[in-house]
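Chain nomenclature is as follows: A, B, C and D, assigned in order of appearance, with residue numbering initiated at 1 for each chain independently.
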Amino acid sequence: MDFGPYLFLASLEGLVQAAVLSLTALGLSLVFGVMRVVNVGHGEFYMLGAVLAWWITSLISIHPAAGFLIALVLSPVLVGVVAYAADRLILSRLDYNPEATIVATIGMLYVLQQLALIYFGPDARPVEAPFYFRVQFPWFGYSGYKLIVVVAATGLLLASWFVIARTRVGLIMRATQFDGEMARALGIPVRRVYSLVFVVGAMFAAVAAVLIVPIRQAHYLMGLDPLLLSFIVVIIGGLGSIRGTIVAATIIGMSDGIISVFFSPTLAKMVSTFLVALVLIVRPEGLFGAKIR
Amino acid sequence: MAALTLLSTDKLERSFGGLRAVREVDFELRQGEIHALIGPNGAGKTTFVNLLSGRTRADAGRIHYRGRDITGLPAYKRVRCGIAYTFQITSIYPNLSVYENVAIAIQGSDKFKVSDKTAEAGFCNAVLSVLGRVGIEERARDKAGNLAYGHQRLLEVAMGVALEPTLFILDEPTQGLSDSEIDGFCELIIKIGESATILLIEHNMAVVMALADTITVLHQGAVLAAGSPQSIRKDARVQAAYLGSGLT
Amino acid sequence: MSKEKSAKFDSTRRSVLKSLGVVTGAGAAAQLAPGVLRYAHGSAEPIKIGMQLHRTGIGASYGRWYERVTMAAVKIINDEGGINGRPVEVIIEDDGTDPKRGAEVVEKFATLHKVDIAYGTLFSHVVIGSSPRAGELKLPYFVVSEGHHVASGRLNRYVFQPGITDVKSQVISMAPWISDNLGKKVTMIFPDFAFGHDHRDYFSAAIKKQGGEVLELIPIPPTESSFTRYFPRIPAATEVLYHVMVGPGVLTFVKELGQHFGSNRPEIFGFIDSLEAVDLATPQLEFLEGTYFWEGNPRYAQPNQTEYDKFYREKVGVDDNGASLSDAKDTSTYAHMFGCWETLFIIKQAMELSGYQGRTAADKQGLIEAMESLSTFEEGRDHPQGKKIFNGKIHQSFGHQYISRVQGGRLNVTHTTSIEDGLYEPEADYTRMPL
Amino acid sequence: MTGDVGKAVWLHAGVIFTLFAMQFVLPDYHHLIATRVMVLAVFAMGYNVMFGYTGLLSLGHAMFFGTGMYTAGMTVYHLGWSVPLAFTAGIVSGAFVSLLLGAIALRTAGVSFMIVTLMFSQVAYLATLYFTSYTRGDEGLVLPAAARSFSVFGHVVDLTDPATRYNLALALLTITVIVVFKLVRGSTGRALVAVRENEPRTQMLGYNTFVIKLESVVISGSLSAASGAAYALLFAYVGSSFTSIQYSIDALLFTLLGGAGTVLGPLLGSFIMFYLIDIASSYTAAYLLVTGFVLIGLVLFFPRGLLGALKTRWLPWLP
């Protein structure tokens, strides 16, 4: 294939990658930003979102589009419930101590992953795309659904930006992020904000997963890659910086997509990871983030 | 007493964001004196001593210690040059025994090698004698975190003493102590003053007047006045500053 | 040890199968989740077969079916009086399709379960990781892997692959047909590990021999989940796209292949591995219509189906479309799993030949020499896939290969290779190795 | 406090002796497991130097283990080096890699340090898959039987012999116990703990805390590498799964369970966890569920781990 179309395809792939990644990473970033804890189990919320989407669509055998839309709503809700339980039963009891939380969320990672294995099996599970059409470019064909994923993700990102920047809920969240103590003093129910943020963060991952699952299939081991990529994104974007997260996700997603096409996906992952190292040498606090202690 | 200059600063400068916390401070500390640094809240006292101890970097200006420029020296090296520092908010090793707290300090002073047995015995005695000097010897085996606040303060001083410093910077050591404790504390500081030069940030005027040979008054990051306690007491600007900030 | 709970997924990792005498009904064995089944009238000390199973990891879908086939075959063997009058007991350990875990499982078989033989591994990297331990522990190790590593002589005298033809032979036998009927300019897509490398090396060589050429080699990690990014590397001049893929991503792989090409595609020749355990009727696979696949054993019952294949399908619980009798969506790994069936009957044959009694050095030696003395397996109930020639020097079988075309959403065999097509000069001689 | 030292020395000597005696009573399989676990315990003890004593939470130790393992394995496989030489090479490369990683990663602290170590370890993992021509990717390297014996002073050591393996593993473990014991009882150990407990204070007592942390990383990394190298040479297989995140987490798990900041904790943790998983695995394919529950349970109810609890309750002298 000639260079032009080659690069074009690469960027399309990168775009899809970036779209899904920014949703997933945003969830992780929100949780860190507001609660100052790292959720190592984040990738499993993503996995759970995908697997539940398969489960839901396989239960209701109506038109795939309808089934998918139901899953798109229901799956993240269920994941949110799981996240809420995790927050109440584990994280809040640890008083959100950063290191304890890391260990606990690693534990959650295994619990969720292995339960998925027990109840949904070790096989990759397909989910029907709500609709299917090929966009035929002169040089190659491309899944129309993938393009829709990009659009949908962008919409969601704008919406969440609006919520965080323009609404009262967002204000409360930002206040808590800025200074938990002060927020408490101002009578903000910090604990409840934490629960909310943790749930929302998990749901972001789940939504991203439901969007991607018709392309990738659902599998109990699918959680690790998005987790690592999200880590890369939040580090480069600066832990807790929404803007940084989205910019970084686009950079990483595109570069990953493009390098994958021209060289090798494995190499792409290695490169983006090294990128993190560089960023840390130059700016330990990330490109956009505020210094973290 | 000998008017030998131990430490001096030249147009020392430090800002945080827009705020000039320390502005062009020229300051001189004479060997062997007990020097008090006073001033209303937010006058930049803590920032200033942090610049001296190396915990924060200066934006401009120079620091000379024993005639040597130490402006670029990292904190731990300044400590090794004999500048000890106690934090405004008590900073000890709460989970370790009182003995360990001081042991760490002594080891940091590089005066002991814990390798061979005889040295180890000597080391142990050294620790206990330091604890003795501040009078918490019998607490050696207790967990530092369980000590009463006053004793924790003493422990932190002990950690400073253990370094056998030439210059000992104390940031509001009497803060939160009861009057009786304060008296004991003053005696202790005088005792330490026999072997070290002392720079003291203090709010409690009684303490200042009791201890200080020299006083420097900081106001809005700049030196307002410097001199003997008597001269400072009389100084109109100082009174203005204090009254202005509602302090006495 | 626990009985099986969910029919959806067998949560029992090690399971012991004493005689299936207690189980009734055809196909029950396939449904039967392995748990402990007490030997109805336990007389003789059983012969223990340690099955190294891909129950989790990228080989899971194969593992599920390898297990069902094994149970079916063992039931028959036991119903007919076992081996040398002793019932066969299968002890299953999951290797997670991971070579590291595989080696540990082999050790566990030898030192904890004290099995007579180890058996049943598919993925080549697991075989390669496990074989040396089997050799050191002097544990006869029967694999059903397709890889060329056994025949290559890289392993050791304790490792056999009697039930299924190796990749080298498969591709040699099919290369002529491909270059004659599909084209000579080939691009290869293959998984980037031992098994895929066998395809890369031996098919490239074979097609060159036919005057063809390989335009591009595109290796893909077996754990990959998104494939479009690889397709631009397919040169426009490609006449034949040769694809073989494994792992959980296979369905995504073929779907994205379809999206990429649509109607204007080159000739496509795939190894059914790219579609094992995947229902051909899945939406978006229509583009495969008219493409060709290698099949080790035809998934769809053919017009000329033998009675043996009928019997085999019935016992394993597979319908005429190669799907589970109990769940038409549960497509089998039909092109590979016959190897388990045949391997077990060959083990039986060899043990009876050597009068195998127990785990003594002499008995094991006898078993191995008996194996090496075998030369042909005639088509029959024990060998439903067809006749095979066994080379004792390289511990490898050679059989017929099937080339099928997708027509009307099913696979119809259009060409069957002869065994001779796939024979090559032995590269090694295990029989010279000390025991 | 010399009495305490005495007690501690006797305790550790006792443990080592027990392990030595065990080999004569253990049945085959458990003999084998004990061999594995002793090697893995060295890995965990290395991890503990960093996590338990210095308070640096790393999720990248699989990289150090892998460095030792691949260096030892590849020098034997490709260059035909002798076992002792390969082992040494493994440790040296481990020290080098940990020095490099430390220099970079220690610019960060807390959670970002954790993430950075995780990232680097992931690069190492991907590298083992990417450079297939040297590492044989997913398939891994199998060390030829020929390369598995060496002679010292004329008498041949055969690594395929279980007894030899057991005692070599025990030897490695013993050396590690001595090294770590001396380390944490000595001045370095005191400095490590000081950094863990209160870094700013430690700085203001004249310590160069960066160097101390770097020291800790290198010691920790080298021990882990030693464990990896030993594992490769004893069990003759080198594979990418050993460098996966799973392995970094195992080190953390073993340490937490046994008790972070105690010399013997990781050893205890390794034994218990290995058996827990092995038993669980005979009931379900989802045996890693145990790992999950243990981690959560520990952090919720048993943050100090087993020996940690003992130490705080009854045995304050436990090093």
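Criterion: a residue touches a chain if its C-beta (ideal position, glycine included) is under 8 Å from a C-beta of that chain, and two chains touch if they have at least 3 such contacts.
Keep in mind the model is a prediction, meaning the values are calculated, not measured.
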If a chain touches chain A and chain D alike, it appears here: C
Core chain by centroid distance, with centroids computed from Cα atoms only: D
Longest centre-to-centre distance from chain C, chain (CA-based): B
Centre-to-centre distance between chain C and chain B (centres being mean Cα positions), rounded to whole Å: 77
Whole-Å separation of chain centres (CA-atom averages), chain A against chain C: 38
Inter-centroid spacing, chain D versus chain C (mean Cα positions, whole Å): 38
Centroid spacing, where centroids are CA-atom means, of chain B and chain D in whole angstrom: 43
Sites on chain C at which at least two other chains make contact: 11, 55-56, 221
In chain A, residues with contacts to at least two other chains: 117-118, 122, 266
Which pairs of chains touch, using the document's own definition: A-C, A-D, B-D, C-D
Residues of chain A that touch chain D when the two form their complex: 32, 37-38, 90, 93-94, 98-100, 102-104, 106-115, 117-118, 122, 224, 228, 231-232, 235, 239, 264, 266-267, 269-270, 273-274, 276-277, 280-281, 284, 292-293
Chain C to chain D touching residues, read off their complex: 1-2, 10-14, 55-56, 94, 98-101, 103, 107-108, 110-112, 124-125, 128-129, 131-133, 135-136, 192-194, 221-222
Residues of chain D touching chain B in the complex: 186-187, 190-191, 193-194, 197-198, 200-209
For the chain C and chain A complex, residues of the former touching the latter: 6, 8-9, 11, 55-57, 60-61, 63-64, 221, 224-226, 228-236, 248-252, 256, 259-262, 277, 282-284
In the complex with chain C, residue positions of chain D that touch it: 27-29, 31-32, 129, 132, 136-140, 142-143, 145, 160, 235-237, 239, 241-242, 281-287
